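The same chain A turns up in both complexes below, where it pairs with chain B and then with chain C.
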Partner chain A sequence: MANTKTDEKLQKIAKDLLESGEVSLIIGYTKGSNSQRMRPLFVTRTEDADKLSFSPNAVQDLAVFLKKAEVKKFGKIGIVVKGCDEKAVNALIQEYQISRDNIKIIGVECNGVIRQNIADKGETNVSESTVYDKCLICEEHIPVLYDFLVESEEPKLVLSGKVKPYSEIARLESMSSEEKNAFWANEFDKCIKCYACRQACPLCYCSRCIVEKNTPQWIDTNSEETGNAQWNLIRAYHLSGRCIGCGECERACPVNIPLMLINEKMAIDVYNMFGYKSGLDINAKPVFGVFSENDFNDFIK
Partner chain B sequence: MEEKYFEISGENLKSFIERIIADDFEVIAPIDKDGDTFYGKINRFEEANLDILLPKMSYKEYLLPKTETLFEYSFSGVNTDIKDGLESVAGANQKRVIFGGRPCDAGAGPIMEKVFNWDFKDEFFNERFKNLTIVSIACEKPDNYCFCTEMQLSPESSYGSDVLLKKAGDKYFAIVTGEKGLNLIKPYINLFKEITKDKVPAENDWKKLFEIEKTKSFLDKNFEHNYFQQRFLSCIGCGVCTYTCPTCHCFDIQDEGNLKEGRRIRNWDSCQFGIFTLHTSGHNPRVTQGDRYRQRLMHKFKIYSEKFDKYLCVGCGRCSRNCPEDIDIKEVAKDLADMA
Partner chain C sequence: MARIGVFVCWCGSNIAGTVDVEKVREEAAKIPGVVSALDYKYMCSDPGQNSLRNIIKEKNLTGIVLAACSPHMHENTFRKAAAKEGLNPYFVEIANIREQVSWVHENKERATAKAVDLMKMMVEKVKRDKPIEDVRVPLNKKALVIGGGIAGIQAALDIANGGVEVILVEKEPSIGGKMIQLDETFPTLDCSSCIMTPKMVEANQHPNIKLYTYSEVEDISGYIGNFKIRIKKKARSVIEKDCTGCGECWNACPMHKNIKSEFNVNLSERTAIYVPFPQAVPLVPVLDRSVCLHFKKGGKCQKCYDACGPKCINFDLQDEIIEETVGAIVASTGYDLMDTSMYGEYGYGKYKDVVSGLQFERLLSASGPTEGVIKRPSDGKTPQTIVFVQCVGSRDPEKGVPYCSKVCCMYTAKHAKLFAHKVHGSQSYVFYIDIRSTSKGYEEFVRSTMEQDGAIYLRGRVSKIYEDDGKLIVKGADTLSGNQVEIAADMVVLATGVIPKQGSDKLAQMLGISYDKYGFFTESHPKLRPAESSTAGIFLAGMAQGPRDIPESVVSGSAAASKILGLFSKNEYEVEGTIANVNESTCVACFYCQRVCAYNAISKKEIKDRSGKLIKVVANVNPGLCTGCGACVNACFSKSIDVKGFMDDQIYAEIKALAI
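Our next item is the complex of A and B:
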């Protein structure tokens, strides 16, 4: 397929950055295994920059690679990010995982990405019924922070309001504790403990995850009721106030557990309690990394 | 037993499935669930989605559960009670039928059986495998991720199936490969019409995109090739390839328990995890994701075939379709064959 204007702009930025030596690696997207798929591309030579591309099939959050030792070795890195993914870069900077000085952010204006399972079946339209729920609540179609911005050629996403993003959250909130337990027991029963949710998450960067700590064994290793619930709950809490909502955990999950219902509910609660949204400001202190006298403490009896 | 051949109308196939369900068989078939298709129990024939190419996950869990109890123990005073996990596995799958899977999935069983009976006979696997009855349906339209033909099978292969159905218009040809298949259909034999082999249409001439032997010969000589490190920079080590794979069978043995009771279990494990090969000394022979993906390729296309005369891959393409970062193993295997 021919280059779009977006592709050309991306390629030019990448070439300039590599030629000037400002970065030694560009992480971007290129065309994937079918016409409706994109895949990550790692460019270290200017001649390979021509393969860079972007489309509403660029579903991956490339910030996930910033936690990888093999990638960190490159030092100064340029990264192509959508608005949601860029928040992950910010959160990594906030949590001192990467330095702002070592990263060139190539922001791409994004008007929504098509859900991969329906794209695989041939869906090509970007509309409120084909994009991820995260796109319907997106307030960062243009990334909040960037060194370069590539504007979109795609039409803006039109929201009629008919599709309610994360509508299950309201339904779950109205349930009794028993009903909620039953709902999640059913979902977690599907879990196979592959930990793809963790690996696909740009903010799950612990060099040794708690499930891998076995002296003592904090989390049951089994993939049954106890082990599955422990794993999914502990991941939810470790991501609360941190998750930026890219939805990669849910997309990677091979058994379709609606993990974003948990993450989004956590994000809503954290915002309501602390007025904090993750990944919007690299100078902000992470909400659970600071103590404020204004924090509510009525849970202390 | 020699293969037997039958014809069955679509209507009779439906009756057959509904009658085995009525006779207390647990029928596992592709069902639409959570926006995709997975193997699951059906109560009526219509619940099975027979048009889908492949469910998202394989049915490996019926041979090797994601968690399996090997034994349980409990203490009372100075006595220790031990219960062999095999007791609860006895007879497992005796009345279970996998219906509507594909030849690739069916091929995985006998391939895995080899490693589970190599220097040690894995009674848990064997007990489940010997009882499970597989009624597969030949593929008419493989997709671009499929490469069973390259993997010495074919979209119409009966290897590993107890009964292979081949659709022809509104009827099916049924190839019964052995006693297990025959025993399943025997009580309902009036729904089937026995025919001679020559009445079954010949296999299509499925074309290969590459020769897997060439992939192997590249792997034989190029352990240190920089292809692996470069190509798999995009691998995030999520293990989805191995967990959705019908032939990946690595497991991890763990103990769970307290002062009164406990159990030893085995859980699915994956060579794509960083701690898979981490030594207690702190040394890890597979440091990078490139090392780990190379291991998966080596195991599938080189090591296993040298030991067991079968490649550890049936070419179902699940690892490619399900890879969050779009790593396509068919493309990789072809790349390697091209470089050989």
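Our next item is the complex of A and C:
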């Protein structure tokens, strides 16, 4: 397929950045092995910049690579990000995992990415019935922070309101505690402890995850009821107030646990209780790291 | 191999009455690793401690568990006893079976079961204890006193007389605080400035005291023994060392109208360059740049400069920043009076002759605006009838504050007394809720105001004050006779409630000490540690802690000083070794620990290889600041922080002990 204008702009920016030596690595997307797929691309040589591309199939959150030592050793890095992914970059800056000075953010205006399972069947239209739920609630089609912005040529996403994003949350909220427990017990029962959710998450950057701590072993590593619930709930708690909603955990999950229901519910609760949304401001203090006397505390009985 | 001793205390019948102590002892003996189990009437007694020490020796114990009272009571006692036998004191664990069991349960069987569980948990914990060394922090033997009122001055003098250097910082141009504004003081009627000025002068001349007036503490960091202080010395526009305090400058100042004197509580005016009162210490004027013509009109006026003999006026002087390191701090920032204008019915601010208690002090004072002759503000006439209203703002949860301001009963009695002494044939009325006169000589003082000086005390509140034909009509209730009363007064004095000094909450946050909902600094323990704040090395004195009178303020200043001298009698300060500990190999430097640390104890540490190349950044705990609260442990996602003595594996073992 030919280069789009978006691709050309991306390639030009990347080339300039590499040529001038402002960065030594650019993480972006390139066309995949078939037309419905995009895959991550790591560009270190100017001549490879021509391979960069972007499309509504660029589902991956490339910010996940920023936590990796192999990537960090490049020092100054450029990264192609959608609005959602860019929030992960911000959160990583807030949590001191990367320095703003070491990163060039190449923001791409995104009007939604097509759900991979539909795209695989040949769907090419960006519409409210083909994109991820996160795209339907997206408020950052243009990233909140960038050094370069590549505007989209795609038509804007039109929302009729017919498709309710994360509609399962409301259904779960209406359930009794027992029903909720049963729902999640059923979902977690599928978990095979492959930790793909963790690996795909840009904010799961601990070098030694709590599940790997074995003195004492807080979380059972066997794939069984208690350990599965412990793992998934602790991960959800570790991400509450931090998850930026890229949905990569759920996309990566080989057994289709609806992890975003927990993460999104946590994000909604954190916003309602503390007025905080993750990843919007690199200078904001993460909600877990601040105490205010005005914090609600009616849970203390 | 663990060799644990378990000691079950009866605490007389305190524990043994509700807990089957023998059963607890029997259960203890069954636990693997327990080589000795004993129950005894009073473990804390000398024989109790001796048997503990003997068994440590005989059985060569590696750890001991006391099933006894709260660790708050006797942890230290038993740690010391263990240490005497060469055991690391942190190998002592307490299972609290008194406060947490016998005192809160009635069913003996179930209470015993719970006591056994708690004991088991501690046995598992003590098995995993590791030796902990106390942290020693070197002490900078220098003290900072914030606030130069009577409490601060007393603290500074006592510390200085103990041979320790003191930095005394005062916001106002002169030290003296509120006390120097007072006239005569209850119950002995000695004049405030007569007893206070010698202390002020002594503080100024003391070789161990460095005085910074017209200065504010801008920033404080560090910890006990090592506080870094930044003081802003505001520009006085006068070169202090050259000034003789002759007064030529303020006499020459053309700005002598419309600038209210803060010292006289707006009852007189001052010049732009001024000393707040004639006995000010230091006797060096301050040029108030906000009203000075030189600064307002582009440098034209320099009359003070021209009048100054030693030419010590310098319009270009700038604020100075002074940095100091001290080992201990006294916070004695004093108080303010409530703004009573919110009591519309009393007409404060509306009627000139309704004044506050502090204003009346100034009217009584020989150095005040009327040179001690009581003249009412509206027309300068001497009042014949004065109504005093107590509890204005105090004890009023609705509009004011719920607490009692403590000094108002006494100063009102004093006001009425001095009014009777100064204006013969006059009459005063006092509206009160209760009379609180509990210190030495106080009750007799109030009595004599009533009986010898003829003040009429009416128990009840004033409902309204209004002006009518040059008189203030005071309407109120006399609840003892059940009558409504109406008094035509020439003046009304409101006994205004006491509130913390404005900005004291900000200072508390800077110091990292706790304060109550009103803003008064809170003591580490209200009864047993009244001079200590919640933060080690920071002590409290005076009204900043709550309403109190002069003798109490002096006592509290001396108490803070004695604490500091005690602290400084050693070269190092020992901090409990149960502090946070970072696992540097797993720390990923997200610094949530630093964000949640209330004591600023966590900083960033760079780990470098031998060639100086940065390998990683990790969290680092300052042992002087860490209190071992554990907030960081909760915040750490990768579980890379533990608190020594409360390690993860210990907590886990405790929980598991319950499951068995």
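Heads up, the rule we're going with is that the second predicted complex is superposed on the first by the 300 of 301 C-alpha atoms of A that agree within 3 Å, B and C clash if a C-alpha of one lies under 4 Å from a C-alpha of the other, contacts with A are read in each partner's own complex, and residues count from 1 in each chain.
What we mean here is this: contacts are C-beta pairs under 8 Å (C-beta built on N, C-alpha and C of every residue); 3 or more make two chains touch, one makes a residue touch a chain.
What you see is a predicted model; the values in this text were computed from it and never measured.
Within the superposed three-chain model, A:Y205 lies in touch with chain C and out of touch with chain B [touch as defined at top].
With both structures placed on the common chain, the touch criterion links A:D120 to chain B but leaves chain C unconnected.
More chain A residues lie in contact with B than with the other chain of the pair chain B and chain C. In the superposed model, A:W218 makes contact with chain C only, not with chain B. Contacts of A:V290 after superposition: chain C is touched, whereas chain B is not reached.
On chain A, the surface patch touched by chain B in one complex and by chain C in the other comprises residues 208.
Those residues of chain A that touch chain B in the shared complex are 32-34, 37-42, 60, 64-65, 68-71, 117, 120, 192-196, 199-200, 208, 212, 217, 220-224, 227, 248, 251-252, 254-256. Considering their complex, residues 33-36, 38, 56-57, 66-67, 144-145, 229-230, 233-234, 236-240, 242-244, 252, 254, 256, 265, 267-268, 270, 273, 275, 287-290, 320-322, 324-328, 331 of chain B touch chain A.
Interface residues of chain C facing chain A in the complex, by the touch rule stated above, are 585-586, 588-592, 595-596, 598, 617, 635, 637-640, 648-649, 652-653. Remark: chain A residues 95-97, 205-210, 213, 215-216, 218, 238, 285-286, 288-291 touch chain C in the complex.
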